[in-house]
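Structure provided below as C-alpha cells; questions to follow.
As written, the chains take the letters A, B and C, and residue 1 is the first residue of each chain.
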Amino acid sequence: MSRIELNAVRKNFGTLSVINGVDLDIYDGGFTVFVGPSGCGKSTLLRLIAGLEDLTSGHILIDGRDVTELGPAQRELAMVFQSYALYPHMSVRNNIGFPLKMAKQSEAVIDAKVRKAAETLNLKDFLDRRPGQLSGGQRQRVAIGRAIVREPKAFLFDEPLSNLDAALRVQMRLEIMQLHKSLGATMVYVTHDQVEAMTMADRIVVLNQGRVEQVGSPLELYDRPKTLFVAGFIGSPKMNFISGALASKHGAATIGIRPEHVQIGDASGAIHATIRIAEHLGSDTFIHVDSADLGAMTVRATGNIEAAPGTALSLTLDPARIHRFDASGQAIF
Amino acid sequence: MTLVAWTIGILMFWPILWTFLTSFKTEQDAVLMSQLFSTGWTFENFGIVQERSDYLRFAMNSVIIAFGSTLLCLLFAIPAAWSMAFSPSKRTKDTLLWMLSTKMMPPVGALLPIYLIFKEYRLIDQHIPVLIIMFMLNLPLVVWMLFTYFKEIPVDILEAARMDGAGIWQELSRVLAPMALPGIASTFLLNVILAWNEAFWTLKLTDVHAAPLTVFIASYSSPEGLFWAKLSAASTMAIAPILILGWFSQTQLVRGLTFGAVK
Amino acid sequence: MATRHSQGLARLAVAPSVIILFLWMIVPLVMTIYFSFLRYNLLNPDIGGWAGFSNYYYFITDDSFPGAVLNTLLLVASVIAVSVIGGLGLALLMDQPFWGRGFVRLLVISPFFIMPTVSALVWKNLLMNPIYGLFAYLQELVGLTPLDWFAKVPLLSVAIIASWQWLPFAALIILTALQSLDEEQKDASAMDGARFFSYFRYIMLPHLARPITVVILIETIFLLNIFAEIYVTSVGGLAGNLTYLVYFQGLLNFDIGEASAGGLIAVVLANLVSIFLVRVIGRNLEI
C-alpha cells in the first residue's frame, strides 16, 4: 500500500518523445485507471513506474522515496501483463511461487502463501497444471496470483482483460475490484475500454499524446470534461459536437451535447432532423440522425421507440447539459 | 507417385547403403558388384580397422572437438543472442549481419597465417587449439540460430521475471534457458554435425594425436590392393553416429542453415 | 527492456562474441595481406623483403591459375544448377502425400550429413572405380566400356559428388518453403495439369524465389571453398580449384607470399557473393 508520485516525467525513444512531462499523484489505496487512445503512451507510463524503462528526465517517488534509479525488482511493485507473461515451463504452483522463490523465502512459507492465493483466486484445482493447459480466465488469475503473493506496494495492470471474451471480462472485472477492496492495495490499471475505466476507477487519468489531459473521478470526467478531447473520449456513444452559428450563440467555438441529453419531439420542434439509422440495444436505442442545421448527430432514446429510417423529427438540446469549448479546445465553465 | 519417390529416395541413399553393406563383406565379395548381399557375412573389417588405424582414438577426438567447440559456442552465444534478441540497439542488425559475413570468409584467406602460427607455437595436432578454431568458425551460426529461437519468446515473460525479483543470472537460467531449451538443443545438434564433418581445418591442423574422423578417413585415400570392405567399415564407423543425429535434427536444420531466412 | 542497467548488461553480453569474431576475421586477414606483399618462401629462408605486387602477378600468371578459376566456376555453377533444379523437383515430389513420406525424406536428406572425406572416398572407390566400381559394372551390363571417371573427367566426378551432397540441402529448404504455402491454395490447385502449371508459375515460383536465392548464395559460398573432395580423391592436379591452388602453393610449395596473394583473391571472390547473401538475409531480418 503506497503512494506513487510522478514529477515532470519524460520519456523519449530516440527522437520520438512519448511521455511529455507528466505530473501525477497516485494515492495510497486508490484504483487509478489510465485511459487514452492507442499509442498515447499508457503502457510506456506504466512501464516507467515499474522500472522496465528508464526515465529521460523527471522523478518517480514511492512512499516519498525516490526510486527513479532503482531496478524493477527493488521497487517492490507487481505487474500483470496483457499477455499474462506466465512461465510456460512451470506449473501454476511454481508460477505463483516464483517471486517468493526469488525473494529466498522458505519452502514452507512459499507453500502456504501459494495455497492462500490459490484459494482466493479459485485456482486450487489447477496448481499442478502448466499454463498451456488453462483457459484464458484461469491464466489471468494465475498472473494475478503471482502478483499478490509477494504483497507488493502497488499493482500495475496493463490491459489485463483485453484477451478475454466479453462475459469473462465482466466477471474478471468484478474479481479485480473485489481484490482491490479486500487487499486495500494501490492499483494502477491501463485500459482503453470505456466501461472498464468508468466502472473500476476511483480516479481516471486521461492521456493524450504523452500528456495528462485531465485527472478526476469518472463522474467528474463525464460531467465536467476540461477539454474537447476528454469530452469526446469519455462517454459512449460519443458526445455530439456542434460548431458554427449555434455554437456562437452560446458564446463558444464548439459546443458538445451527449446523446442522452438530446430530446426527441415531433416534427414541430426547433431543430429538424431525419433518421438515418437506428440501433436497438433493447434497453436503449441509438438513433443516428441527419440535421440540416447541425449535421450528423447521435441521440439516445428509450428501448421501445419506433424509429424507421427517413422519419422526420425534431431535437431539443437540454440547455443545462451543453458543454462549451473555446477555439483551442478548452472548456468554458 | 509412391514408387517414383521411393526409387529416388533409395537412389540417393544408395551410396550410403552400399557402403554399409560392403562393410560386412569379405574383401573378395566387396568387389563383386553382382553380389548385393555377401555370401560370407563378417564383422572382422571393423576389428581390422580399429587395430590398423585406432578408430576409437579418432572417434574420441571427433567427440572432443565437435562437442567441446559446440559447448564453447553456446557459452558465448547464449548471452550474445539473449542480448540481441531482447535488448536490441541500433547496431544489433548490423552486428548480426557482420557476424554472418565472417562465416563467409573463405578459409584459404586465413589458412597461411593460422598454419604458420600453429607451426611456430607448436599447436598443430593439439586438441585445444583445433577446438578453438572450430569454435570461432561456428560461433556466428550458433549466435544466429539462438537469436532466431529467442526472438520467438515474448519479452514480457523476461520482464515479468525481472518484476518478480529475478536477477540477470536467474532470468537466464530459470526462465530463458528452460523456455528456449528445444531451440538450444537443436542448435547444439546442428553445430555438432557441422563440426564433426568439418574437413578443411581438421585436415590441415591435425595429424595423429588430435585428429578427428575426417583425417582418419583421409588416411584411406591411397588405394592398396583389396581394401574396400575395410574402407567401407571405416566409413560406416565415421558417419553412423552423426547420420543418426542428423536424422533427429532435420526438421530444425533448415532454419539453422538459412539463418532464419526460411522457416 | 530498456533501462540503462539492462542495456549495459546487454552490450556486455555481446562483447565477447564480437571481440572474438573480430579478431578471428581481422588478424589472419591482415597477416595474409601482409604476407602477400612479401617474398616469403619457407624453402628459401634467405630470400626476403618486399615483393610489391609480384606475388599477385605470379599467382595470376601461373599456368594452373586459369584452369583453377575455370574449375572453380564450373564446379560452383554445375552443382548449383543440379541441386536447385533437382532440389525443386525433389521438393515438389516430396510435398505430395505418399506412403512412407517421412522415411523417404530421411533417405533423401542423408547425404548431407556424410562427412566430405567419406563421400569422396566412397564415390571414388565403390562407385566410380573403372574396374570394380558399381558404375563400371552397370556400364558393362549394357555393353559400354567402363569410364575411368577420375582420370578422364575429374572435374565432372567431383561435381557429381558435390551435387550428391548438396542436392538434399536444396531439396530440404525448398520443401520447407513449399510447406509454408497456404494449404487452401494448394487444395485449390490439386486440379488438372494446366491448372497445376499456372499455379506453379504464378503462385509457387514467386513464393520460392527467396528460398532459392538463399540456397544459391549459401551453396556458392560453400562450393567456392570446396576442398576435401578434391584433396582426398587426389585430383588436385587435374581439377583443382582456387582453394586447392592456394593450398598447393602454400603448404606444398611453401611459397607463403604467392599463396597469400591467391587467398586474398579468393576472399574478394567470396565477398562479392556474400554481399548479396547478407542483403537478402538482412532484408528479411526484423529486430
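Please note the rule applied: a contact is a pair of C-beta atoms (placed from the backbone, for glycine too) under 8 Å apart; a residue touches a chain by one contact, two chains touch by 3 or more.
Keep in mind it's a predicted model, so treat the numbers as computed, not measured.
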Exercise. Find me the chain with the mean Cα position closest to the mean of all the protein Cα atoms on display.
Key: B
Self-check item: Two chains sharing the most C-beta contacts
Solution: B-C
Quiz prompt | Euclidean distance of C-alpha centroids - chain B vs chain C, Å | solution = 16
Quiz item: Roughly how far is chain A from chain C, going centre to centre by Cα mean, in whole Å?
Solution: 58
Self-check item: Cα-centroid distance, chain A relative to chain B, in whole angstrom
Solution: 54
Quiz item: Which residues does chain A have that touch at least 2 chains other than itself?
Solution: 52, 71
Self-check item: chain B residues counted as touching two or more neighbouring chains
Solution: 159, 162
Quiz item: Using the touch rule from the top of the page, what residues of chain C touch 2 or more other chains?
Solution: 1-2
Quiz item: Quick one: in the complex, what on chain A touches chain B?
Solution: 50, 52, 71-73, 77-79, 81-83, 85-89, 98-99, 102-103, 146, 150
Quiz item: Quick one: in the complex, what on chain A touches chain C?
Solution: 51-54, 71
Quiz item: Quick one: in the complex, what on chain C touches chain A?
Solution: 1-5
Quiz prompt | Touch list for chain C against partner chain B, complex | solution = 1-2, 6-7, 9-11, 13-14, 16-18, 20-21, 24-25, 27-29, 31-32, 35, 90, 93-94, 96, 98-101, 103-119, 121-123, 125-127, 132-134, 136-138, 164, 167-169, 172-173, 176-177, 180, 210-211, 214, 218, 221, 224-225, 227-228, 231-234, 242-243, 246-247, 250-251, 256, 259-260, 262-264, 266-267, 269-271, 273-274, 277-278, 280-282, 284-285, 287
Quiz item: Of all residues in chain B, which touch chain C in the complex?
Solution: 1-2, 4-6, 8-10, 12-13, 15-16, 18-19, 22, 31, 33-34, 76-77, 79-80, 82-84, 86-89, 92-93, 95-97, 99-102, 104-116, 136, 139-140, 143, 155, 158-159, 162, 168, 193, 196-197, 199-200, 203-204, 213-215, 217-218, 220-223, 228, 231-232, 235, 238-239, 242-243, 245-247, 250, 253-254, 257-263
